[in-house]
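Note that chain A is present in both complexes that follow, paired respectively with chain B and with chain C.
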Partner chain A sequence: MKLKLLYSDLKSDLDVIEKELATAVNSSSHLLNEASLHLLLAGGKRIRPVFVLLSAKFGDYSIDSIKNVAVPVELIHMASLVHDDVIDDAETRRGRETVKTQWNNRVAMYTGDFLFARAIEYITVLENTYAHEVLSHTMVELCIGEILQIEDKHLIDQTVRDYLRRIKRKTAILISASCALGAIASGADEKTIRHLKRFGYYVGMSFQIIDDILDITSTDEQLGKPAGSDLLQGNITLPVLYVKNEPTIAPLLKEMLDGSISEDNKQQLLTEIRNSEAINHAKQVSNMYLQKALNEVKQLPANSAKKSLQNIALFMSKRKF
Partner chain B sequence: MNEALILQHVETYKKNILMQLQQSTLQKYTGIPVVDEDRLFFTILPFLNEEDWDNSVEVSAIAVSLIFSALAAHDLVKEENATAKSQQLQVLAGDYYSGRYYQLLASENKIDLIQLLSNSVAIITEHKSRFYDLEDYTLEELIQSIQLIECKPIERFLEYYAYHEYVYIMNEALLLAALKKELVAFENNEKTFYISKSKIFQSNMDTLRLEIEKIELTLVQDVRSSDLLNESLKDAILERVSNHSLENQLREG
Partner chain C sequence: MKLKLLYSDLKSDLDVIEKELATAVNSSSHLLNEASLHLLLAGGKRIRPVFVLLSAKFGDYSIDSIKNVAVPVELIHMASLVHDDVIDDAETRRGRETVKTQWNNRVAMYTGDFLFARAIEYITVLENTYAHEVLSHTMVELCIGEILQIEDKHLIDQTVRDYLRRIKRKTAILISASCALGAIASGADEKTIRHLKRFGYYVGMSFQIIDDILDITSTDEQLGKPAGSDLLQGNITLPVLYVKNEPTIAPLLKEMLDGSISEDNKQQLLTEIRNSEAINHAKQVSNMYLQKALNEVKQLPANSAKKSLQNIALFMSKRKF
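Let's look at the complex of A and B:
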């Protein structure tokens, strides 16, 4: 089943979000317009707006008002991707040239800054201090997550705890904030906000672990980029942490992190990790977070959105690529 | 408020701003954040002129400076080959500082000011982009872009707190400082932010010089004859303007 089918009942509202995103990135600058539209057309799952909308169903739902939260979280996600592509020197994303490749790094910086600024401007329609505290905290934490990722690159001595701390900030926190903001903006009660915030956090953790597993287990075609590219960039992920000291893996891993690995050895390293218990072990950790997410859903008030949240969580944590 | 006290206040503000931006990894690889003292001086001009200035205004003034530090960090990212660790962290420094300004104002419940300032950041990025796109802009339009890039968040801040009378001086003084800095760097064959990217500037250097002289002359006259500013502050402003005098800078360069 495709992810979009799981939230097909939100289709008309997501169409509103899509139109609103196009309005939000509209600029008096020809160049920024082009760069932003380039990003919009690249598409994406729009999973963060979906979490905002579903979470808003636990309060007084109105697409006209909730779009002011759903649009900014997607803009923040888009902006961080544009800047990430500069950091990673990425040539393509989702099969299209990145902004930094099509123009240059500086234009990518301005495009990201423009999107961040528009996101903040957009959400100020919401006169709720707590919502702004949540979002601003999220933006700062996202950066700290990225900073940690750069700091931890090539560091073989890091722990599972370091990894979890990093992915919390890198991925889980924005999904958690999306859920919390949807609930806050619709006036849901505090207990519901708390459950949704935790749900988003757990789903985000589970999702990122699966993402890191897939980087190793998928083919280049499935990923749309070379398999193992995270590892090649020096990012040590959970499966790698579980097997980093295995005698058949340690020397190859060292070569990989030194950047001296041959293509044959790289394939051998990926095969060794794929065939090890590390993948299953990492899947178990992802599953543990998924179960925690599902437990949070159980505690939410009865509502049609409960089932959708549950299904999306299951889909995101069980996906094959 | 005498000259020494003015300098002391600017220094104190600068310390407070840097405190807000402290992040050990960023500091290690990207150095101390850029805090432009001229911009800071003109942001707190009403305070230096002994206007009413409470804690909320002070926090907002700091937030305005954080915005400029964020934008300055991103201006330090190279157009090509930004793969060094220090460059990667420069990208994140800008995003981090930007998040800090939002966080600071959110904690003060200044949602309407956040709206004004984030809109001003969007405007700045639009005008910076003018120096990278292929559209034809006139010299006047580009000078206006520079003024917006240099001043817009400060203008919004001053207007928000009803310090309207200070907007004109701030706008002209910061435009003047930016243009002079550009011209001097260009004439010394150093890197420039605006001129090197614009053929219009390069083919109209004499007009640019005249424009700078005109702005300076008018600004000096207006400051001297101002009923708004106290005498020490007038001296401090004129001192800043003359520190940027083209002749001085060229001689130093």
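Let's look at the complex of A and C:
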């Protein structure tokens, strides 16, 4: 089943969001318009706006008001994607930066800044300071998450707790904010806001753990990039943490992290992790978060969105690649 | 006379802002704290908070409320400084980026993002959606300004209007917002807010033009960097625009902009511009903005801050280096 089918009744409202996004990124700079539109047209599943819209169904739903939070969360997501692409690590680039890359980096950085700023500007249309607070707090946490990811890179001594703290900020918090903001903007009650906020958090955690598992278990073709890319960049994920001290894994992992690993040894390392109990163990943790997410939905009032939220949570936590 | 003496009665309140800034940049990331504190301790004149505080004197002044706008404007200023330092142009670096530089660039980018986000988070404490709007709109304009600066680089065919549009966003808009936000946060009336907003804008324009003149007329020692640095980076400023087509200047300027200029020719170019009418012409434009700024202050109610605003405007527009 395709993800889109799970929220096909939102189609016309998602079209509104899509148009609003195009308006939001428009500015007096030709270069900025080019960069932003490029990003916009690259698409994406718009899963965060979907969470906003579905969550708003638990209050007084009106697309004209809800769009003021749906657009900003997607803009923030886009901004963080652009900034993620700026100055890839030396390990992955190796060679010297070309002038063009440097130029593009600078444009990409300011395009990201612009999208962040536009997101904030956009939400101020909604005269609700609580919504402003949630969004700005989310941005702060996202940024701290990015720095923690740099800090924790290559650090073999980190704990599962460090990992969870990182993915919370990297992924879960923006999905959580999307759900909360949809509920807030539609005037849902406190209890509903709380359940949706937690639901988004748990779904985000479950989703990111699966994503990290797939980086190891999928084929290069499925991922569209070499398997083990995260690890090669020094990002240590949950499955790796479970087996990092195994005698067959530890020496290869060390080579992987310091960038000296051969292609053969890299494949061997991935095979060792794939065949270990780590994958199942990580899947269990993801599943635990999924169950927590479903438990939050269960406590929401019955409506058409409830089933969609459940289905999307299941879909995101069960995907194979 | 020293700038600080012009607002010595604000000292204790500026100390409050300083402490608040230190709290604002504090986070759970060690690396982020290090980067932010480094920036904070590097200091700066805190001229934007000064404008906020002085403007707030035209309303119901309370440092506890005013700090909620004074801190964000300084954080945004700091953020834009960090991002300015990220990935200097290939022309000025020439050589290949070291791993350390790349690492630092990434940290610098996310530190800037963090400071932006924290600024927004900070202002949401103030339950005034108008203030939120002004700050977020300012950020959007700042970002567009950064991109316009990249777009206009090396473009010899640009007009004075392009230049003014650029410095408005680069400098004037944040000073204008500082004044407006001080007045808004203290509950000043609409007319006062408008005068202060315009005052800040005119001061910013006057100040930036002087800054651009000094890049050409000052000695390397006075600037702490080689004279003509802006030009060498491809940034075409007001004095240059006035003489770009002079037969003694045009060929040298072309060499300067494409980076092929010799040290001798660079000095000759600077001398030619210094000795031309361009400097005086640009000074006149700066002075025109100064007069407009003073004219706005004149229309404000009499109080202790009025004289300070006049003095600071005069100081900023008359400095020699």
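Criterion: the second predicted complex is superposed on the first by the 304 of 321 C-alpha atoms of A that agree within 3 Å, B and C clash if a C-alpha of one lies under 4 Å from a C-alpha of the other, contacts with A are read in each partner's own complex, and residues count from 1 in each chain.
Quick note on the criterion: a residue touches a chain if its C-beta (ideal position, glycine included) is under 8 Å from a C-beta of that chain, and two chains touch if they have at least 3 such contacts.
The shown structure was predicted, so the numbers you read here are calculated from the model rather than taken from an experiment.
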Combined model on chain A where chain B meets chain C, clash or fit: clash
Which of chain B and chain C A:86 touches, first, second, both or neither: both
Touching partner for A:62 - first (chain B), second (chain C), both, neither: neither
First (chain B), second (chain C), both or neither touched by A:8: neither
Which superposed partner A:280 touches (first chain B, second chain C, both, neither): neither
Which superposed partner A:127 touches (first chain B, second chain C, both, neither): both
Footprint overlap on chain A, where chain B in one structure and chain C in the other make contact: 27-32, 83, 86-87, 89, 103, 105-107, 109-114, 116-118, 120-121, 124, 127, 129, 132-133, 136-137, 139-140, 142-144, 146-147, 150-151
Touching residues on chain B, where the partner in the complex is chain A: 23, 25-26, 70-71, 74-75, 77-80, 82-83, 85, 88-89, 91-92, 94-96, 98-100, 102-103, 106-107, 109, 111-112, 114-115, 118-119, 121-122, 125-130, 132-133, 135
Chain A-facing residues of chain C, complex: 27-32, 83, 86-87, 89-90, 96-97, 99, 102-103, 105-107, 109-114, 116-118, 120-121, 124, 127-129, 132-133, 136-137, 139-140, 142-144, 146-148, 150-151
Chain A residues touching chain B - in the complex, by the definition given at the top: 27-32, 80, 83, 86-87, 89, 103-107, 109-114, 116-118, 120-121, 124, 126-127, 129, 132-133, 135-137, 139-140, 142-144, 146-147, 150-151
